[in-house]
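Consider the two complexes below, in which chain A is the common component and chain B and chain C are the respective partners.
Moving on, here comes the complex of A and B:
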């Protein structure tokens, strides 16, 4: 084989792959008749919602499938070999040698008890034959750490994973994957657990390394923004079948399949021209004045406690019927702010004025009465419903605690379930029978059962698939109109903030760095931090191009999810 | 009811349950099969098993060992279950208060718990029974009083785990009262491991009761396995059956309860049962 031919030969080809699920699953095949190729120096994105089988394919490539599932038909060819047919030795040479993988959660992918330099060394020592000398290995580790853009490699190689930030850990994972110059890199949602700014850096790094070494990259993601930023070609999966594949331009500009179009439409986009500034009631409903909160984490006996500032003089005003988005990266104190308003976390100082009372002075019954008007929807729809309580009871409990009779409360609960797009019979079922999106609808119904005036949505759509996300956002927008709700929408995703909010507050390390009307913040950001955040939005260049917004039209109407 | 169905498929758990049911049946029909009181002298002393119509022989005073074992099952089961219940009530209450409220309350209650844990349970039990007159009620309360610390610790740990879960906070935001939250949301989600440990406490309670009776600190009006072993131990070299049969009864019952408890734990623990399916 000449070099020219080799350069064109795909590093990964998946041919008619079908993976059978064990009997009794919700479908016979996790993946059915999937074919695609990854050529050298090419990034192929595998896109799909949860349950589409995209991770299964990635695991099949390195023969990492769980014991209960089997490849029923077709084959995976990695650098000329079929991993399913290799013996243990050859498989070990392939994994981490020809093909390397990085995962979503870098903390659980690194050994917590070993220094990271040691872990990278191990990767080299396992694969290089003959065994290189200790000095060579050490040099190689330094080189790799420098290549993945980690500052001060000398110090860093002696660190333990817990001492690094999420982005640094993912860089270490990438360094490990790069250790043996693989021809194929598989990245399974590598940035999903990271902040937007970090996400952009990691994606850039992967892209740079790909260009330098001409390796093929199989990137698995659920985010079309990421696809638009890095992919050469796209494979869209749904229920284990390929819906559409082609170049990024083809798929994103002129999707052929309806499903692809739906997914692209569901990407939250700033439609700044459409944002009408709702005429808000001039009286402030909720006023937060100079809120302070510092978390102190005790360390060793002699070390001073580590201090994390979650709120440093945070003040905000929420008017009736207004939606205020609080955006910031992890650790910015945005969730703590919501929890402090609900009095779930006690602030160190400041005041929260609601309806003329200071919430912080309230105790017992008075607090209970005030909380009735402030409700919260949490991020994780799986943790926020009592697994042993029927859905109807969960919704009716609130009004019943305030003296509504059981029959009346249940009647109201059924109506609310219908209102949020579920069936009234859902009231007699348990939470585990519902999908994530449906559960979040239940949580919204539960929060609304008490007819609150302020709804705090703490990352309420972050755990959901994009299409479901769009539906829940649309539902919230409708309910806000209908019930004249004031909403505090806490999110790390600026796209969502732009889609739903009238005003935006940008938090950084417990401080408000910018505050203003959504359109102003997004078009003319004042603070450098806000500009960084905006630049880091994945797919921004693509989705913000003129003419694109008009294709997508208005908010999709709320409908039953999955 | 998935748990019940899963339990039916759990082999060792089912063995435990069946054996336990046999013991319960023996306890229930004891007065029908042995209409004569187990304290009655029905034959010559030292009658070996099978002679004189006595299946398991007679003891030093000619009392029927088989009748003793059957009646002893009643005592053992009643004391085992009742004192495990007592331990559960004390342990869950203390653990729940400690775990839910935390802070100083937790500190005080946990130090008390540690106090009970550091004193050897059996020594404390002897002390308590010797102080109060041994009767069925005082023995149950005594065993309950020395067996609750593990349950309190477990309940506290479960409450700590669940207290800050979002569904509990949601209930708080919905205006539900403390008692409602604890009994309606936290306890139902913590109950599985508590039930498992309680079932194993039944086994240790039976052993404790036997040990107390062996020491002569049992209820003098009740024929119990421990008392029989205690009475027969001096003559074990020439009349083994007097201590071996009640001993076997204890062994089998305790083993059955342990198997049942472990089966229960496997079925109620979602991680294990998922691996099985």
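Moving on, here comes the complex of A and C:
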């Protein structure tokens, strides 16, 4: 950071901000005595896990807090103004004028019934005085769409949000935010819902725009990889309090607070020296041969149905006791593969051999018996448990369906709950009483209750905070040893794949583009696509440097030269 | 993705729907036929009874004359054959073609139901939107209680109470009928006269639907207000009214249109009761009379016409739905 930048007045300063939660919550303040600044041409990352209050702060900047919470103390100063003290008109000029905001879910953040061009026009028309002519506005929209790297802006401005990809939608959001050349951009988890490669593009775009315009950026994220890639300065939050703040080098290289250190350690690292090379057990347990699946999506009457190839001759072998990671971006067919192995989705062609039988030929009781040995854990621990069923029942129901007595099944369920790190009394409680990580542990217990030989984990840790993610991964690794499980680990996050898998399969549009031992795939990727994916891992440059903080907690003091 | 002109897409969709429609009408005609025959009562007996004799010979002759002695299958086939030729038959009782009877009454019924439907939709969604925007306020509570009361009020009772208050006690409005008879009126006066006659039947008919749309719109607005894109709109610096008009209303209307389309048919059914209460010379009265007289051809004709009206209304709903929500045209979710 140059002295010139340092000297400039901050575009955002948060001064001793406390936001009170309504009474009866788990804590009195969502945010307590938080202070930090964002200067022009600077990216400040606000990092924390869910519930840390990071989004609350972002919302307070534009006075967008829900009605139930109040600023109890302190102030937010944006471009010299306190939004909480502005009248309506002035606040509206600030929102979208001096400060603009983009959100995590670009699909739900855009009006589904309005063409995207119109949504950007609206931003210009609201703020530019005197009102520009229709032609000027249109030109400006075209220019903005081009600036955010969208192809064919003429066609694109006429599109509805549902017709665009996730990355395109976020670019539209950014184009909209840039419309009035704001001094401050607030980005609330802008890449969390996107694929790694798209994430990298969007982060680069934000960084380029920042540099072009000397704009200050407040980026909210839970991902230290993202922090390492884009931040100038970092503010670490926990339970609404600032745990630590400083430049990215200070915080990442030599964290002062234990909590920061824990968070950094919890980042799954594609650290090559730590990738295991487990001797593969020679007996194949599950063989998938030439699996085919094409989804046909109906469109208008005249148009032929759109075909989406989810599996195009996918073959894989899973050996006993092995963990196989299936990685790929959204739409690569990785979840469909898992579902086809479970026979939850019927393949169009190919064979699935398990234990000497072709699963595709099995019907009725034989299929039921085979399924018992193949279990799956889904991504969303909130949606995959019946909210009206007690946790114990959810776990015991499986064994009971296979003839275990209720008393015995419940006894087992309690033991399993203890095994996955919960309390036995959890059996008598309902899913909503548990946190996301705890629920995922319940889902794992449920899957293991049937003593399966193969566990399919479909993005099983993707919805969890990093620290929780690390715990659940550790649990899975232990259980794998203990129960001699073979695991298919489906994930979009290559860092997780590197941490947990013996072998990796890379899927792209339903085809296997690369397959091999984890260490080989990560050190010497053969396919260009794999290299793209590896390059896109956030924070890779930073965390891969030798001597960086390792999982064992040794703290190197070497500083990155910048 | 390549999109054909959405007008062409919608046109083609309409064509395929019309083909479906014809098939559906034939199925409905069959179903109506079976249903009416399955109901107790014999038209020959009713007619013979009315002419003062229960002579078996007369019954026999009547049955023969109207083809009631043939097997059901034959009767059904000849009925469907006539439906295809758009021949709805001849009324035993009224000695007139069913088509004429229905066409004579249809305009009055449509006037009543369409007016009631439009008013219910317009006022209902407006009140609902206001209540939803001011959720939790006194206004909201008043609207909610009112719509609950309207929703729970039986249609015929509301009609009778209106007559009691506005005709019997206050003498402001004519208690029944479609127009004042035996007076010379200028065209404008005639229209006003009909309008005056319409006030109470339309109010009674619209009340319950108004309540339904208001409640639906209220919850729809509240739900839309919590969506992320409304937060985006606020973060863009839009004013309150521009957010409501530009982003909330259209999104909130989607579920209301769906329900309104489905209920438009039920509204026509509700007209039977109201027309009876207010002696409104529409299809409702005709149905009521035909039912009492076991006038099969008239009943079948009315059922068929009403089914067609309902199907057409559903088709319109689908088209409107597609116009409101672009996601529907390409079948993407």
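Basically, the second predicted complex is superposed on the first by the 539 of 562 C-alpha atoms of A that agree within 3 Å, B and C clash if a C-alpha of one lies under 4 Å from a C-alpha of the other, contacts with A are read in each partner's own complex, and residues count from 1 in each chain.
Assume a residue touches a chain if its C-beta (ideal position, glycine included) is under 8 Å from a C-beta of that chain, and two chains touch if they have at least 3 such contacts.
Predicted model only: the values in this text are computed from it and were never measured.
Engineer: Of the two partner chains, chain B (first) and chain C (second), which one does A:174 touch, if any: first, second, both, or neither?
Structural biologist: Neither partner.
Engineer: Thinking of the overlay built on chain A, is A:126 touched by chain B (first), by chain C (second), by both, or by neither?
Structural biologist: Second partner only.
Engineer: So which one touches more of the residues on chain A, chain B or chain C?
Structural biologist: Counted on chain A, the partner with more touching residues turns out to be C.
Engineer: Can A:60 be said to touch chain B (first), chain C (second), both, or neither?
Structural biologist: Neither partner.
Engineer: Going by the contact rule set out at the top, does A:227 touch chain B (first), chain C (second), both, or neither?
Structural biologist: In the superposition, A:227 contacts neither chain B nor chain C.
Engineer: Could you tell me if A:95 is touching chain B, chain C, both of them or neither one (first, second, both, neither)?
Structural biologist: Second partner only.
Engineer: Once the shared chain is lined up, is A:450 touching chain B (first), chain C (second), both, or neither of them?
Structural biologist: first
Engineer: Please indicate which partner A:21 is in contact with in the superposed arrangement: first for chain B, second for chain C, both, or neither.
Structural biologist: Neither: A:21 stays clear of chain B and chain C.
Engineer: Scan A:380 for contacts with chain B and chain C and give back first, second, both or neither.
Structural biologist: first
Engineer: What is the contact status of A:372 with respect to chain B (first) and chain C (second): first, second, both, or neither?
Structural biologist: Only chain B; A:372 stays clear of chain C.
Engineer: Which chain A residues lie in the overlap of the chain B contact set and the chain C contact set?
Structural biologist: none
Engineer: Would you tell me which residues of chain C are touching chain A in their complex?
Structural biologist: So the residues of chain C in touch with chain A come to 1-4, 8-9, 12-13, 16, 227-229, 231-239, 242, 246-247, 250-251, 324-327, 329-333.
Engineer: Can you list the chain A residues touching chain C in their complex?
Structural biologist: Touch list, chain A to chain C: 62, 64, 88, 91-97, 100-101, 103, 105, 108-114, 122-123, 126-127, 160, 162-163, 173, 176, 297-303, 306.
Engineer: Once bound in the complex, which stretches of chain A touch chain B?
Structural biologist: 342, 344, 368-369, 371-372, 374-376, 378, 380, 383-389, 397-398, 401-402, 443, 446-447, 449-450
Engineer: Where on chain B is chain A touching in the complex?
Structural biologist: 165-167, 169-177, 180, 184-185, 188-189
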